[in-house]
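Note that the chains are named A, B, C and D in the order they appear, and that numbering of residues resets to 1 at the start of each chain.
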């Protein structure tokens, strides 16, 4: 039986933790989604040759390569997926876009607004995606649907927080994430970027922020924690926070939206659940409901397993990739694309600037 | 301003933990409820003279006494409240009833069905109450209301459990609760009685039980744990359990009712909350709701504090007493009365008999 | 048996919700604590004569009065307790202090720092207390003990939030709390004051704040919500928030403290519980523990009921009063006293000023 | 680079929901575990030809087949995995074992003890596995480790429950699970089997049971619910329950173990968490801890993603398969094997017999 679908030849740049998550997504997406392309895992690109061979064999990559600059130029590649350290995102993405490739890029899109703008500019004519994978957590996609359906109503408060605790371990070996040359920043790019993307996705444009950063660990060159206040274009106010000193949280990406008609609350460690408070219920029956977002009527509810059978971290990458491929086949704009990545970057820049200026900073509209 | 309400002269027999809870109820009831009687705290009766004086002073009892047999005969007393060890309930209640007193009695009503029947017989013409105080937890009273309104529908399962962990402490000094002469039994009378009363209150008559008891602590003369299965007249099935070896639970009196239209769940350590699952919600919006049962529209919602301001253990006694006084003034039957206490006793007897016979045992209808 | 304890003759100014909570505390304190004074409930002062008589009868006040200015001068009164609308706190407290009375005052101490300073000045020679009752929630007192024992270690983050949702009900009748003339401010004085007091109690002095206020309801003259960032003298950073538009929360007074050795979290709707994460546990056994703060070794653990038998809102007033009376008898400084109330006021003023200036504002040291 | 590992040629019988879960396990296992065999996905066998082609293409099966009787005889197959309806397990497994194949079989092993015994007998000389996948939930494997380390101590109570709610939907199309010819039984084989396997795994041999079954839905030929009491060889007592009428639960496979030193609790809808109560902590610091079982030191903690990045339902199949392959390469007995499946079957038979006899029934030792 011949497969009439167009083939997409994929090259993945990067073999770290994110490389593994992306490899898995490319390998698994057609098993859970009826995707409109045949994906060919052509090239896995990295620098540690031995690990590279093992990864390529495990995940089914046909070839390996060690120089990403060559890979992005190869004519036998249709799609470049960038999972390199942050400081290389810009250069790699611009090269790939100029070579006419479809470009996928890990978050944060870039280390500065300037870089991000150049990427958007370069990629104006190619399909793009930023791996803000958490938009595809079924519970978060369902939160978005409930908001769009008016179930929350006029929003009063939006609070987004991303807490991890590993920063307190000062014996932990330094990675590129602690190096401002490579990571750009600390927790702002690493974790706050996720919180900001979800805020923009769920609650719309941010107008102004005031913020504070702090490095608790002696000798660290990037910030460990950030606290900020935000005002949104829809009139709501709230907080955006991220920390690597959030003792008690392994992976606490959470948000709370409170509106005239309801409240939604989410925590990544319970990622199959969404808390919903329906303020239109009669007073004695009002209460926070815990929804297990695995039903057939929930987002991605028929793609993975049965109702009540939960999914994990990796499935958010699979679902994001599937959605991207569907958009691609329909010639529709996918979100979050590079422009969405730039929007996040503008907020992060304002946060960092405010931490420096000690004033409220506006975000360009 | 003269008080036109009839005076009720109260004597309380017993000065232990329950005596304190009852004293507090008598002292506080008119502060939260517009009760139709003037309560006069006439006599506190106990055996430890020094403690008795202190308690009487603290709670406002006018007199003290040490011989309950004399107190129940006193013509200047209208209401006898029995908080003596279990083995004295029957004799004291019968004497008080024969003397024409209103009789309130701590749970369990008695140590045997035979005793309980004699008490019911003797008290046929006087108002009675058994202190199954948990019926007056607002969340439980609200559960009952939701069931009566049809919010749970045809019931499939009822599970009642009362778990405490103090039994594992074998250094704990023995009290009368460990003495079968005084307590009658162990956890069956002490904790299972509460679980059975709530089962009868919320789910109706029990038809049959099969049960198992166990004494874990060497040398204890009463049972530490009981497990039983039950069939109910309404067609539902479930479990009734109690244990003093429920490690992890300080005071885990809980139940779960599952029916065609909904589910209700309660745990005494979170006694201001009721969990409710509305199976008539659309599938994607179905979820267990946590109701904070403190609103004006909830039972006792206007008696204590404001919405969101929780109450504690003692308020269940206050509310039970208030309801009893309102029933009394309207000449209505209060529940749980001695007959309700006898119903509980019949189930407890069947449980103990089954643990001995190793067969299903029926409960008289 | 004659009572050798000194008598304290109490007058309570105010008959609203807080009047009820205070009356109950005066009536109940000697039942749960072996207090070193005989309290005499001498005068209840209010303006609604009919309600006043009912309240006085219910709670045992000997006399009633309608002019608080006369009451504070009466020679037969030792202790004045102020539960009047905020704008009267200052005048009443100063008059009482000048008359040599012991002065207790509802929170917030005053409407401005200026008022609060005058109160502190006037009361320099009399014992004082501010009813920041939540310091006496057993779980919060235990949090303080754990912090003092070093169980949290160097603090990184402190977050305090007080959320209620009643502000969304625009049909609700206006009370003095909505009138800036009487209330001074909106949610800042009403709810943020509690959050700030707990922050100062648990985490020490606040150095700077930046804040934002918002009035969501058309026509309201006071702020509905406040968001702020704070830096603490101990080097930690965090947020302080309060809102009457916190949809999903009836009475959500909560905090989170994260330090090198542990994390503590509390929520008033579960006020008998304290969440504790011990970062010194081995990694695989680290987890947030839910402590039921009712044990004999917990604060107030032997005063109320038995382990596992929870207490409610009113008990925080009882325990606060008891602690005050013990301090008084030992001639020790009680906390929170008027100076502590002033400290709170200084933070609230900085918050309001920052909301106006849109800058970081310092708090006097 | 040639792969020195032995090749295992796999045939999977069955293309339903379980076929998908098993296919995924075969496809994914070598990506997360360094497995000692090369798995070759040789044959997928089913009856719906069109779906079969799609599944084979998606999951990488080389060939398809429609007659399982032929497949189990093929010389080019090393391992037969049975995911057929229950009534075919016995015949297929016996045929495969007689043909010398490695045999994996979905749970329950069989429909009767007699069938299970014949399977054990036939497979005495081939490696076997029963897909009681939940033993490989990291949280459950960690519970087992804690029990083995003595962290729970002498066990007093074990309670296992598996609740789903789909049975209440009487419009749901009938599948083979509702047909006693194919399924053998209803909820007993389907869900109670999991609860019993976990009970045996975590708490050891069961000595006696007394049980009750009930069919709530009119016209259903298999039981909807089962309630049972159990006594264990280690002296503990408890309950084993399963229901398809567990309103409020999508996939509520849960257990609770209470012992002298601690308590463990688990719920499948929160499958990355394990609740642990350490009774050796000092009283004021005792509390139920919520452990997120994703750390490097937890079972499977280094195989999947990073600490705090949760896994889902499918990973339990992957981990079970990996463990089986490691056992196979070391020539060790894997558990649960067919003998373990027989042990479960013996308990299920005793439960069903007790429901019929209305007596306690013993389990063979």
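Just so we're on the same page, contacts are C-beta pairs under 8 Å (C-beta built on N, C-alpha and C of every residue); 3 or more make two chains touch, one makes a residue touch a chain.
Being a predicted model, the structure only gives us computed values, none of them experimental.
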Chain pair with the higher count of C-beta pairs in contact (A-B, B-D): B-D
Most remote chain, CA-based centroid, reference being subunit D: C
Inter-chain centre distance, subunit A versus subunit D - centres from mean C-alpha coordinates, in Å: 35
Computed distance of Cα centres, subunit D from subunit B, in Å: 42
Averaged-CA centre spacing for the pair subunit B and subunit A, given as whole angstrom: 54
Residues within subunit C bordering two or more other chains: 288, 292, 295
Graph class of chain-chain contacts, one of line, ring, star, complete, other: complete
In the complex with subunit D, residue positions of subunit A that touch it: 1, 3, 17, 21, 24, 27-28, 30-31, 53, 57-59, 164, 166, 249-251, 268-272, 292, 294-295, 304-315
Parts of subunit B lying in touch with subunit D, wherever the complex brings them together: 156-157, 165, 168, 210-212, 214, 216, 225, 227-229, 231, 235, 237-239, 241, 243, 245-248, 258-260, 262-263, 265, 277, 279, 288, 358-360
Subunit A - residues contacting subunit B, complex: 142, 276, 278, 282-293, 295-298
